[in-house]
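Chain lettering (A, B, C and D) follows the sequence in which the chains are written, and residue indices restart at 1 in each chain.
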Amino acid sequence: MKKLINKPEDVVKEELEGMVLAYPSMVKVSLEPKFVYRADAPVQGKVALISGGGSGHEPMHGGFVGKGMLDAACTGEVFTSPTPDQMLEAAKKVNGGAGILYIVKNYTGDVMNFEMAADLARSEGMKVQNILIDDDVAVKDSLWTAGRRGVGTTVIAEKITGAGAEKRYDLTKVADLCRRVNANGRSMGLALTSCTVPAAGKPTFELGDDEIEMGIGIHGEPGRTRMKMKSADELTEMLALSIIEDGDYSRTVHEWDEKKGEWVDVTLVNKAFKAGDQVIAFVNGMGGTPAIELQIIYRKLHEVCEKKGLKIARNLIGSYITSLEMQGASITLVRADQEMLELWDAPVKTPGLRWGI
Amino acid sequence: MPASVGDVVRWLSKMIDVIHENKEYLTELDSAIGDADHGINMDRGFQAIAKKLPELGNMTDIGAILKACGMTLITTVGGASGPLYGTAFLQAGTALVGKQELEPADLLIAGEAALKGIVMRGKANLGDKTMVDALTPAMAALKEALAAGANAAEALEKASAAAETGMKGTIPVQARKGRASYLGERSIGHQDPGATSSFLLVRTMAEIADEVGF
Amino acid sequence: MKKLINKPEDVVKEELEGMVLAYPSMVKVSLEPKFVYRADAPVQGKVALISGGGSGHEPMHGGFVGKGMLDAACTGEVFTSPTPDQMLEAAKKVNGGAGILYIVKNYTGDVMNFEMAADLARSEGMKVQNILIDDDVAVKDSLWTAGRRGVGTTVIAEKITGAGAEKRYDLTKVADLCRRVNANGRSMGLALTSCTVPAAGKPTFELGDDEIEMGIGIHGEPGRTRMKMKSADELTEMLALSIIEDGDYSRTVHEWDEKKGEWVDVTLVNKAFKAGDQVIAFVNGMGGTPAIELQIIYRKLHEVCEKKGLKIARNLIGSYITSLEMQGASITLVRADQEMLELWDAPVKTPGLRWGI
Amino acid sequence: MPASVGDVVRWLSKMIDVIHENKEYLTELDSAIGDADHGINMDRGFQAIAKKLPELGNMTDIGAILKACGMTLITTVGGASGPLYGTAFLQAGTALVGKQELEPADLLIAGEAALKGIVMRGKANLGDKTMVDALTPAMAALKEALAAGANAAEALEKASAAAETGMKGTIPVQARKGRASYLGERSIGHQDPGATSSFLLVRTMAEIADEVGF
């Protein structure tokens, strides 16, 4: 294993130390417990957006803390969900009195830890909602699995929801908005190489010289199938069609019912894409993918969308939700209405995403 | 002879060692069908318990000791196994609050509370290829052996054997919970890392019970 | 070789096709000959900034075309200088009547091709200046080599010079500014892995599991020395000290003398850094480096700068000048005066670098 | 017998083949001390000439043909070798403008103009480990052989042998020009790719001259 790190156990701590030196006008960090938060937190009267997850996906989530996006990001060890105490302390730090939205990627660990955190934060008098992101179409059924993973739509949701919160949407409205972005988002990814978790010291899996993993998540785990390498156009088409031709997706998730004061099971349905939809298209590199390849993928994605009658209204191209140094890419499409597009265009100033200011 | 606080500390300290020795093994199992961190996660948690062990050894309430372990796991392990094992220790501790020594029957009370906590949190069914597949038969075997008049060491030995069988039983099964479920049929043929760590913990309990004559 | 491409010979063309679909409000592209140019070109009365070089360094240069930075970027094949006809056509397309500045990284090929292009453009009546970027301290002497390579300072120079041109500095002033940025910039890089040129199909060099190349350029070429892997802190310190402790550097370059109407040899001197200098610090990933590692490097760089009395006034952290999928990093420090800092802060809107708009 | 436009086209077309056959070899040499593209660059340029060959074959002015090749190389090869070989062909063509057939002496006129063009553009000295190290001795040998009364094929054979010696002479030398110079002492022990392509081109000229009885 060759990495530009010191000790594996110090990777996350030292990253945070670097961030606060690099972006003092945007973020501050807490090291015990670990989280990144807005330099101007708490923003009074604004719903506080908190996300988090394992490290190794940078710039997500720490790089998305700042004006117009997240108020705080809890960083776990590499590929390991953070813990409820981090999430609670982050909530206390950024609580502006208008409630907390936890944006949670749907992984068993993340879900359980954020639910525990929400219970703890509520016991301290905060209003809290947890909204799941579960957009990975590589996971087919929700009954036979832990449900779809949260991947690329997370970035889009954090941007749009962040802009809504900045406009002083209340907690219900921000939570609804986040749920809506998720309900309209779908993703699919592939890997050309594995990655090496620093503490593990060797690649999570081995791939032959002409093999790829199709349908991967973002934790360096193997995908749904291993297949022979194909051209960028063929692979892009496979990813895009998996997303575009995915049918309605229904599953039951845990949400907090503020009126009843308890966790309830809610059944949510993502409606399939149809011709005429306008979308935000996101081509994401997995960390080790050269930028030039992402443009080649976007070129084909644009063609496939056009053929299927989807209009790309906005796009994002870059390595924003990564698996360390993995080579590969994912595609995310989010059907967007006018309000979502306006919030997408709103100014954002974070280490990882910036425009308008 | 009932188990003392000292015996509980011996249990914990052997668990710490066993998890540490199996750190790479558990991580390797998790590489195949997960994200290559289960051993790392567990070891981080148990090492955190190790740091608190002297302090825990000075406490007299076994329930409180186990609850403290649960909180430590919850705040240090992360991932899926953190809340699950953390809740297990918390619930076991809650079931034993106030006890300064343990009778064999207390093992069952604590063990069942722990398992219930895991199922409450993770909602896994038997056969989903999780730690539940090791712990459910282990608790059944423990119950049966105690009912048949076995002492703690003997009963835990049966529980350990049942956990091992349950653990091996995860191999031919397709995962339906946790990260391994994303692999679909590709998860078949691999042993579940969480079931493995559960077996290791139960086996450790049996070994120490035998050593201390519980 | 596994890459998300179609045919190796189509990589650059398809990248450009992707870019124009992705960023229609920022750039247009020409495919015959190949270059990227500002969507609103020509900007009347503004000096037009043109750079270019081999592909494989994305986002540089095509990703830096847009308001506040470059007017055009000529893209060669991967790691191969573009040709004079591309540079000439780009100049014709973006010429706003105030002259052309060619920003040229100091590689034999780039220098010769841009000189030929300048001669051609002048023969068509344009005023043209060529300014070299030669900032790589890994190259020690200029007499026994082709001189220092142009690396990280290029990005800083394109940003600052672009802002100057946007303010309608005239050609002499823009050229002076570019020369000044270069005269204050120094860089040094290292590689953990090689990269694979698509048309070559296999890695340019092989490195052992515990070896790195120190003092690399940006073309996947081996560096000055091969050495044992060290910790991020040690490597960062080596890079930073090579830069900070580098003495005055003097060399003779070719520049066009507008009054004499001929190419003349000019001797330029870069003054060594000294305590009290304020700098723009740029930590650059080589393409396959996880973002988390760049923060760890920045953390140490900050410490070394502080110890040496350099004040980091601004920073840039990310993979901006890359070698395809190479893992590794480079550090650039540019001593900056007040005017340079203000121009650095000025708004920029390009696919690869954006703030303020 | 003087060389005709047809012979020039045979030269070019054999050069196209030879460069194509040596594409990987030249790229490999460039991997060691450069950026792994010399063969790719040269092949791109000569393939572009190949496309124009039918058109060039219809021209009558050999100088114009060579100039057109030079422009093609300049606009397609890129890198260091593009301007260098491009200038070489441009200058050679300029030296032969108006000629419809070539005498052996014209080879020297063209060759020396080409070499001068390369030196003017690249400013390399003999021993800097570049194509100049192959071409300089080649032109000297050509001159000497022609002065001694050799025919074109014989003289080019000598030039080719001299180019080969010059090319091999780049191996023990430290580069001082071009990309290889960045490697410092590490460039020692490797044969220069540009000197190699230069040798290949001169050898091709000798072979064809022999075949056509020039």
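A few points about this structure:
Assume a residue touches a chain if its C-beta (ideal position, glycine included) is under 8 Å from a C-beta of that chain, and two chains touch if they have at least 3 such contacts.
A quick note: this is a predicted structure, and the numbers were derived from the prediction, not measured.
Drop chain A from the picture and the touching chains left over make up B | C, D. Taking each chain's centre as the mean of its C-alpha atoms, the one that lies farthest from the centre of chain B is D.
Separating the CA-averaged centres of chain A and chain B is a span of 32 Å. In terms of their C-alpha centroids, the spacing between chain A and chain D amounts to 56 Å.
Residue numbers of chain C whose C-beta contacts span two or more other chains: none are found. Of all residues in chain B, none touches two or more other chains. The touch graph of these protein chains is an open line. Residues of chain B touching chain A in their complex: 27, 31, 33-37, 40-41, 44, 74-84, 121-122, 174-179, 181-184, 186. By the touch criterion given at the top, residues 2-6, 11-12, 14-19, 21-22, 55-56, 58-59, 63, 192-193, 209-210, 212, 229, 231-233, 235, 287-299, 302, 315, 317, 319, 322, 324-325, 327-329, 349, 351-352, 354-357 of chain A touch chain C in their complex. Those residues of chain C whose C-beta lies close enough to touch chain D in the complex are 33, 54, 76-85, 107-109, 112-113, 116, 138-140, 144-146, 149, 197, 199-200, 204-205, 217, 219-222, 224-225.
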